[in-house]
Each structure stands twice: as C-alpha cells, then as structure tokens.
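Structures are listed in the sections that come next.
Heads up, the next two complexes both have chain A, just with different partners, chain B and then chain C.
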Partner chain A sequence: MKIRINKKLLMVFTTFIAIVIVVMLVFPIYVIIISSFSPKTSVFQPFEFIPREITLKVYNDVLFGPMSRFVPRLVNSLIVSLLSLAITLILVIPSAYAFSRFKFVGRNSLLYGYFAFNQFAGGMGLAGLIALYAILNYFNLLNSLVILALIYASGGVPFNTWLLKTYFDTIPKDFDEAALVDGASYLDIMFKVLLPIAKPGIATVAVFTFMGSWSEFIIAQTILLSDENYTLPLELNQLLASPATNWNVFAATSLLYAIPVIVMYLFAQRYLQAGLAMGGVKR
Partner chain B sequence: MENKQPERKIEARSIWKTNKAYLFIIPGLLVFFVLNLYPIIFSIYLGFTDAYFGNITGKYQFIGLRNFEKLLFSGDTRFYYVLGRTFLFVATSVPLKVLFGLALAVLFNLQTIKGRSVLRSLLILPWTLPAVLSILTWRGLFYYDFGAINGILQAIGLPRVNWLNDATNAFVAYNIVEVWLAYPFMMTVILAALQSVPLELHDSARVDGASAWQRLRYITIPLIWRPLLFGIVLTSGASFQAFMVPYLLNSGGPANQNELVMVWGYKQAFQNPGVYGSMGLAAAFFVLVSLIILAFSYAGLKLGKITVE
Partner chain C sequence: MTRILLKNLTKRFGNVVAVNNLNLEVKDKEFMVLLGPSGCGKTTVLRCIAGLETQDEGEIYVGDTLVNDLPPKERDVAMVFQSYALYPHMTAYENIAFPLKVKAAAESEIDQRVKRVADLLKITNLLDRKPKQLSGGEAQRVALGRALIREPKAFLMDEPLSNLDAKLRIYMRAELKRLQKDLGITTIYVTHDQVEAMTMADRVALLNQGVLQQIGSPEELYQHPSNLFTAGFIGSPPMNFIDCHLTKEDEKIYLDTGILKLPLEDYLAGIPKGRNIGEEFVLGIRPEDITLEKKEKKDAIQGEVFTLEPLGSEVIVDIKIGETIFKIKENATFRAEVGEKIWLTFRKDKIRIFDKKSGTTLL
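Our next item is the complex of A and B:
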C-alpha cells in the first residue's frame, strides 16, 4: 500500500521536474517566437516574458515593407539551395549507380577515398577555403551564387554517393537484369528501373543537401562579397551586427527562415517512412 | 560496410564489367576534385608561402618552413595561447555535454514520467533548427541591455551579467550554447543505449538492495559505455573545431581573448588583410591543427577499442 502511494508521488514529482527542464531548454525558441509577434520596435526596451500585445506588424514589415531585404535574400537562398540540390542529384545519382552496379578498375580505392574524405574533411575544410578563395579570385569567380551552389554540391559528393550507393545496393539486381534482357541500356536502367524504386533514398539525399545549403554560413560569408548576393544566414548575422538593429525583425526573419527546414523535416519523415515499406519490392 | 554477396554476383556476370562506368563517375569526381580536394592540397602548399590578400593572385613566394617556425617558436602568433584556449574549451564543454546528455537521457528514460514522448520530441527541437539561427538567437539572449537572460536575472533580483564583453563570461556563454546545441544528439545516443539495457538487471539489483547510484554506476554505465564513448569522441572533435559558436557570439572576443583554433585561422586568413603572410600563415596553422586533430581522433579510436575489449 505504501509503495503504491510513493509511486504516484514519484510520478507527479518526476513529471514536474521533466516539464520544468523542457520549459527551460526550449526557452530560447519561446523568446524568438514571442519577440516576432511583439509590437515593440526599440532595442533598448526590456524584454517582456508574457507579451501584453500581439501583432503581425513585424511580419508585415519583413515580408512587404518597402525597406525589407528579406525577399531578395530569400530569393538568393532559394537559388543557391535549389541549384545545389539539382547539381547534387545530377552528379551523385550516376556515381552511386555505377558504384553499386559496375565492376571497374579503381572502384574500391575510389569508394574508400570518398569514405576517408568524409572522416577527415572537418579539419581541413576551412584550410581548403583559403586556396579555394585564391583560385576563385584568380578566375574572377568570387561573389557568384552559382559557384556557391557548385561548392555546396561538390562538398556533398562523397557522403551522398555513399548514401545513395548503399540504397541502390538494397535493390535486387534481378530488376536490372530483366531490363537488360529486354534490351534496355544502362541509362534506361538507371532512369526507369532504379530511380522510381530509389525515390526515398533520393529524397534523403535531397533533404540533406537542401538543408545543408540552406543553413551554411562560413563559405557563403567568405565567397559572397556584396550585400545584394547575401543568403539568409548572412542576412541574419547582419541584422544582429549593428546595435541599432531591430531584434524583432531578426526574430521574424529567423522564424520565416526556419519554415522550409521544419516543413522539409516533416515531409522527409513521412517520405522516409513510406520508403521503409519496401516489402513490396522484395515480395 | 561492403555488401559481400552482390559483389560476388557482379564478378560472375561480365555484363557489369564495363568502362562505361567511368562516364557515370567522372562528373562527380571532377567537381569534387576541383572544388574540394585540390583546394585542400593547394592550401597545404600555401602554408609554405608568403601568400596574403595582396599577392594571392599569383605573386606569392615559396618561403620554406618560415610560417611553421613563426607559429611554433615566435611568441607573436599566439599559437599556444589559442591552442590552450581551445583545449580548455574541450575540457569544459565535453564533460558538460556528456553529463547533461546523460542526465537528460536517464531522466527521460524514467517510466514514471507522464507524456514522455511529447516532452522528448520537444527536447529534440534545437536539433532541427539551423545552427546559425540558434547561435544568433543566443547572442540576442545574452545582450546586456535587453537580452532575456539578464531580464530573468533582474526579475529574480540578481545583478545583470556582462555576458559577451567579458572574457570569462563569454567563455561560459560559449559552453552554454555548445551544450544547448549538442544535448539532443548526446541524449539521443545515450537514450538509445539505455533502452537496450534489460530492465530485469535493474529489478534484480534493486531486490539485492543496490541504491539508484550503485545501479547507475555498476549496471547502466558499463553497458552504455561504448555508445557513450562514441559520443564523446565525436563531440570532442566538434568542440575542438568549434567555429560558429565563438565566431557568431562575439567573434572570439572580447579583444580576441576567446579565439579558438578555427576562429583564429579564419580571421587570420580572411579578416586581417593588412597583415604580412596572413593567408600562408593561416594555411600553415591549419596544417598543424589538422595534424593535432588526426592524432587525437587516432588516439580516440584506439582508446575506444582498448577500453571496450
């Protein structure tokens, strides 16, 4: 009897502690949401924990205001992210297909080279940026959104090739062989046999690539020289750079910036779950 | 890693042996080589030159080991100071990340908590947000005048803290943000390990009179040691290479006192264009830093194996 009472008490107590901790940890997110709906415009007014007034004014200014830089920066971010996604798919799908299906001289060393690069890339990434800057400077290619997209895509080649190759490996080769017997070319097999089945794998690569490009800061900061080419991460940093900056504008811009990431996250989850129901393929 | 069975199948059928494979691979390989691999190799070379903003288009000279000498043996590059500050950051942030992740994992593994899955998915939220957004938001929270943290401190009667303009406070702020960014990962890794620990072990130990601490120390920790170590090695590397947190919070400040290795190298290469040899020096610096990272990840892997077996 005594144990049962303790259990109930324990439940109330631990749940309470857990809720307090969760509230404390998501507090920064709460602050940013509250700030974006607050009518205050001055930086130097103290922050309100529970807003007295909620308004969409800041969002209106950010989205439609005549001085707003949000829309042009959003367009830049979309150009870079979608372009790097397209380039990634063009580069990675054929590579992954070849690594998964073909036997050729140098196959294993190339694969392990890609793998080793994934492990080692972190340390030398910033170092490579120095020479990359020099090279782009030499060819007058700095400050280009297209080049930035290409750099993002190239950095993901080893990881994405591995990821998609592993996915292609799970598709039985009987499918390819049946198509070959029917007179299909390797390209036909890639486009008409593998791609439809590998949609979840490709979606994974697409989501990783888009999210990576969407949130990358350092390379963009180094390569993009003029304001009008800035992507949203650089714009966010710039909003907080000057003390006169409006914190609420930063908050609203942040949340608008986070929307594609959250949408993609939800979309990817659903898609990947659909992909897990691969029993139909195996039969 | 490699799938052995299909491999053998490929060998058996010559239709898969084709030089056309190179046509499929070369585009990706070429772009990767030109924009990633070659710049890294070229950067190593730049480490032996006097390259800086003014001569980077091609008139820089090979100067042998001068950059390395300057970094290692002359006091004016602050190499050891920056390295020391970085190791201090690893020494503080890694235990904090691990302990915090462990504490959260243990807490949120308790069967007595109502609505665990909802609370857990709320806890994972920081993981889904881009790091730029999170770190800049924290910078706003740390502002002296209107930041929410000082707002709370004031509301409960404590003095405001000058978070980002004081070397020690800023270092504390780095740790707070680093822990906040990393705990979802640490918690998830440890939680997955905890859930593989059979409940019967705990029940029988409890019957034998083991305290909660003893059960954690002698049952849980030995069983989750391997994934925990995996998390520690990964997160140590992340702390050592921390760039976004110090750079976006206050650019390694105040007065460059909190520059960690990545921040120092980046600023040296790209933000001090007037300084002689700054790009070459930064490249040499990154070579040294990469060697240190390589040594530590090797030691980490070795350590992992020795301790587990």
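Our next item is the complex of A and C:
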C-alpha cells in the first residue's frame, strides 16, 4: 500500500515536471504567435495572455506593405537553400553510392578525410571565416548568392556523404547483384534500384541540408554585403537591430520564415520512415 | 544447346581457398545440383558463373562462349537469390519486367512477355502487389518470373527454397523440377539440403571445403559413395560409421571393430594387398541395412535401445553399443522400451569399407 502511494506521488511529480518543461518550451512560441496578430508593437506593455484585439494587418504589411522587404529576402533564401540542396544531392548521392558499393584506391583515406573534415571544420570558427572572406575578396566573389549556396553545400557534403553511405550500407547487396545479373548498368542500379529504396536516407540529407542553409546566419552575414542580397536570417537580424524594434513585425516575419521549414519537414516526413527496404529480401 | 563447363576453377578469398581446382560439366537441359555443407564453396561457384565474383584461375564456358571476362549482363544467365531480392519499391509486374526494361524493350513486348510468364507461374492475380504484400511462396514465384522473362541460356539458383516453410518447400520442389523439364533450360541449383538435391537433381555435384567430392546421379551417390564424406553426407539419417583395424587370429585375418569381427576373406576385394596388421579402416552401414531382433541370434551384436524417433511412416531406432550410437530404420510398427536389450544384424553385402587416412571407398 505504501509503495502504491509513492508510485502515485512519483507519477504526479513527473507529470508536473513534464508540464513545466512543455510550458517553458511552448511559451515563447505562444508569445510570438499572439504578438504577430497584435496591433501593438510590443506585447509586453502590458502583457496580455489572451489578446483583446486580433488583426491580420501585420501579416499584410510584412507580405505586401510598401516598405516590405520580406518577399525579396524570401526569394534570396529560397535561391540559396534550394541551390545548395541541389548541389548537395548531385554530389552526395553518387559519392555515397560509390563509397558504399565499390572498392577503389584511396577509398578509406577519403572516408577518414571526410570524417576529419567534419571534426575540424566546425572548430576553425572565426579563423576559417576570416580566411573565407579573404579568399572570396581576393577573387572578387563576395556578395554572391550562388557562392553562398556553394559554401553551404561544400560544408555539408562530407557529413551527408557519410550519412547516406551508411544508409546505402544497410541496403542488401542482393538488390545490386540481382539487377546486375538482370542486365542493369551501374547507373540503372543507382537510379532505378537503390535511389528509390534509399528515399528515407535521401530525405534525411535533404532536410538537413535545406534547414542548415535556411537558418545559417554567420557566413551569410560575412559574405553578403548589400541589402538586396540578404537572406531571411539577416533580415530578422536587421529587424532586431533597428532602434525601435516592432515586435509584432518581427514575430510575423519569424513565423512566415518558419513555414518553408515546416513544409519541407511535412513533405519529407513520408519518406523519413524506415522500413521501406523491407519486404523484398527474406533473411 | 547450352552446356556449362568449368575448367580448373579456383577462387580464393585472402588465404581461404573457397573453390579449389573445380572441373565440372553441366550438360544441356540438365538439372545439376551443387550440394555441400555451409562454406563449402557452392555459392561461390554459382557467383563465379554469374559473374558476381571473379575467379582467380580457370575457365568458365556458358554454351561455347568463354565468359571469364564478360560482365554479368553479357553472360545471358539468370539467377534466383536465396533472399529473392525483389525490388521493394516495384510491383510484381515491374519486378518481372525489370530485365526487359533495362534492355529498353518495347512496352508492348514487355507486357506480352510478363503476362505469358505470369500465366506460366500462375501469378497473374499478384502482378499489382508489392513484394511486402506477397507470401514467401508468391515472392518465390515472382523471383522465378524475373529470371524466366529473359529466356536466358541457363538458370542459376542459390538455395531458392530455403526460406519457405517445410510444406511449401516440398510442393515447390516438385513444381520447380517440372518447370525446369518443361522449359528445358540448363539449371545449376545450389543447396545444402541433401533431400532437395536427391529429389530434384539429374546429377549432384557434392563439394566439401572447395573440393569436388563426387559427381553423379542421386542414386549413384547414395549407393556408391566414392569416399567417407559422400557416404556420411548423403542419406538421412546418415550412414553409421565404426572405426576398425586389421587383426590376425588363428592365422585368419579379420576386420576388428571392437564389437564385431569380420573375416577378411569376405571383403578381400575391397582391401588391397599389402595392408599390414593394425592398419585402420572405417566400416560403414546404412540405417536401413541393419535388422533388429529382440531375441539373441547367432552372429548378431548385442546393444541396448537408447531412444526411439517415430516419424509416422517409419521409426528411427537409436541403439547404443559400447560408446557408439547406431541409427537404424525400422517399420512404424516397431516397439521397444528404452534400455531394452536388442540384437543387431548387418546386411553383409551392404557393408562399405573406407580407408581411414584418405577416406577413399575401398568396398
């Protein structure tokens, strides 16, 4: 009996902790959401849990207002993110396939090189950034969205190659061999057999790459010099940096900024399920 | 005319010799089974023929073509995998059509041929299904369909029935054998299951540790095993073996097993002259060539019932003599108690004698 009470108490306690954590996580999002629908530029004067007035004016201003910079920044962000996504997939898919399926000279050194790059690249931080700036400046390549996309893609290629290679490794070689005997070429095998089976792995790489490029700030800030090339994270920063921040505009912009990420995630979710490779082979 | 010829085929993996100097001819339209325990190299042989492994030495002919350096798709052989390897994202139809699709055959031709093959294999109603919606037997047929559609010169099958349940396996055994005969396509079939080999093969090639032990019809392998390995591998339950040596008693030479002495003159043909007293042999006798008596009998050996394994149509009786267990096939009506005394008689004309060192059959 005593133990049962303790168990109940424990359950109440853990539930309470869980609720506190959820509130802590959800509260800022809630504030952002109600701010974006508020006519007031600041929700904190005074703070209203349930706003008395709700308006779509802020969204209208952000999207279509005469002063709005959201749409051109969105276009910039989409150019950079989609381009880096395309470059990443074009580079990562064939190399992951090759690393997973073929033996060639330098295979292991390259793989470990990739691994090492992953470990050190992040740690180079400021020095790397300065070097990058200097190099791009020297070649007159600063302030270019294409270059930014290339930098994002190249930064992610080693990690994503590892990731997808590991996924390819889990696909039984029987498929390749069956296709080979069936008369398929290596390209056929990659495109017609392995890629469809590897959709979950590719979706993961795509989501990582897109989200990485979409939310990156520091490199974009360093190499994009003119306002008209700014991506959305830089725009958000500008909104914050202005002397009198319009919090409702900032909130609406933030939420609009999050939409493509949610869409991307929902789109990829169908494939983010494992187990697609099951069913064709009996073990 | 498609025969498959292997000449001095050798394949190594590092220091391990997987296939050692194999010579094998599979005749046109023949159903050849490569049989052997796990790791004996039988699958490696198949993969070398398919072009999935490159042999280290030797020659492989498919038909009259030397295929040593040809890629798999130019060898014109089809393979059925143990795992079936059906592409999970394609329907049964698309799976079967795949070999023609990659050849860029016309859609109408593909459709016509897929339907013909589906009809032959009785899987027309399954064509819209994905592999995970197929049962083991159905997946097996689709895999066969994918192999058939190309009308290849030869079929290579790697344990295709081993993932099926026992009942379906027995059914598919006959089905596959009949199909092979109807189509008349040269087939090499790999299995570790000697019952499968015996029931399906025109000829069986038995391998052990990469070395060909014997090749012949199932009956030949059963009745005339060329060595100790073949004798022990073929047959279920396997042949009973007893170590023995030559002894001399009253000027007569005997094969002494410890539990039984056989006068050598009865077996002279099998024992080459010049063997010395004390030299060791192995005596073998099949479970069906021993008879059991409940009463003492002249020349019979006494043992005790160790256990009974009823199989329905017959019963396998394990008899313990000294430390050795003998397996004996008896009628289903046979009754005995564990521990009961019993007398064994060997059918002398069925006794086999093997050289202990080399394993070669002497008699």
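Everything below uses one rule, namely that the second predicted complex is superposed on the first by the 229 of 283 C-alpha atoms of A that agree within 3 Å, B and C clash if a C-alpha of one lies under 4 Å from a C-alpha of the other, contacts with A are read in each partner's own complex, and residues count from 1 in each chain.
Note that in this section contacts are C-beta pairs under 8 Å (C-beta built on N, C-alpha and C of every residue); 3 or more make two chains touch, one makes a residue touch a chain.
Computed from a prediction, not measured in an experiment: that's the story for all the values here.
K.L.:
Classify the contacts of A:K192 with the two partner chains as first (chain B alone), second (chain C alone), both, or neither.
P.N.:
Touch partner of A:K192: chain C, not chain B.
K.L.:
Regarding the shared-chain residue A:A179, is it in contact with chain B (first), chain C (second), both, or neither?
P.N.:
It touches chain C, and chain B stays clear.
K.L.:
Classify the contacts of A:I262 with the two partner chains as first (chain B alone), second (chain C alone), both, or neither.
P.N.:
In the superposition, A:I262 touches chain B alone.
K.L.:
Is A:P39 touching anything from chain B or chain C once the two structures are fitted on A? First, second, both or neither.
P.N.:
In the superposition, A:P39 touches no partner, neither chain B nor chain C.
K.L.:
Quick one: chain B or chain C, who's touching more of chain A?
P.N.:
Larger number of chain A residues touched: B.
K.L.:
On chain A, which stretch or stretches are contacted by chain B in one complex as well as by chain C in the other?
P.N.:
Shared contact residues on chain A (touching chain B in one complex, chain C in the other): 177, 180.
K.L.:
For the complex, give me every residue of chain A touching chain B.
P.N.:
7, 10-11, 14-15, 17-19, 21-22, 25-29, 31-32, 35, 43-47, 49, 87, 90-92, 94-95, 97-99, 101-104, 107, 110, 115, 117, 119-124, 126-135, 137-138, 150-151, 153-155, 157-158, 161, 169, 173, 177, 180, 186, 211, 214-215, 217-218, 222, 233, 236-237, 240, 247, 250-251, 254, 257-258, 261-262, 265
K.L.:
Any idea which chain A residues touch chain C in the complex?
P.N.:
On the chain A side, the touching residues are 172, 174-175, 177-185, 188, 192-193, 196-197, 276-283.
K.L.:
Quick one: which bits of chain B touch chain A in the complex? Just the residue numbers, please.
P.N.:
1, 3, 6, 9-11, 13, 15-25, 27-29, 31-32, 34-46, 51, 56-58, 104, 107-108, 110, 112-116, 119, 122-123, 125-126, 128-134, 136-141, 145-148, 151-152, 154-155, 180, 183, 237, 241, 243-244, 248, 262, 265-266, 269-270, 279, 282-283, 286-287, 289-290, 293-294, 297
K.L.:
How about chain C: which of its residues touch chain A in the complex?
P.N.:
On the chain C side, the touching residues are 50-52, 71-73, 77-79, 81-89, 98-99, 101-103, 130-133, 136, 139, 146, 150, 163.
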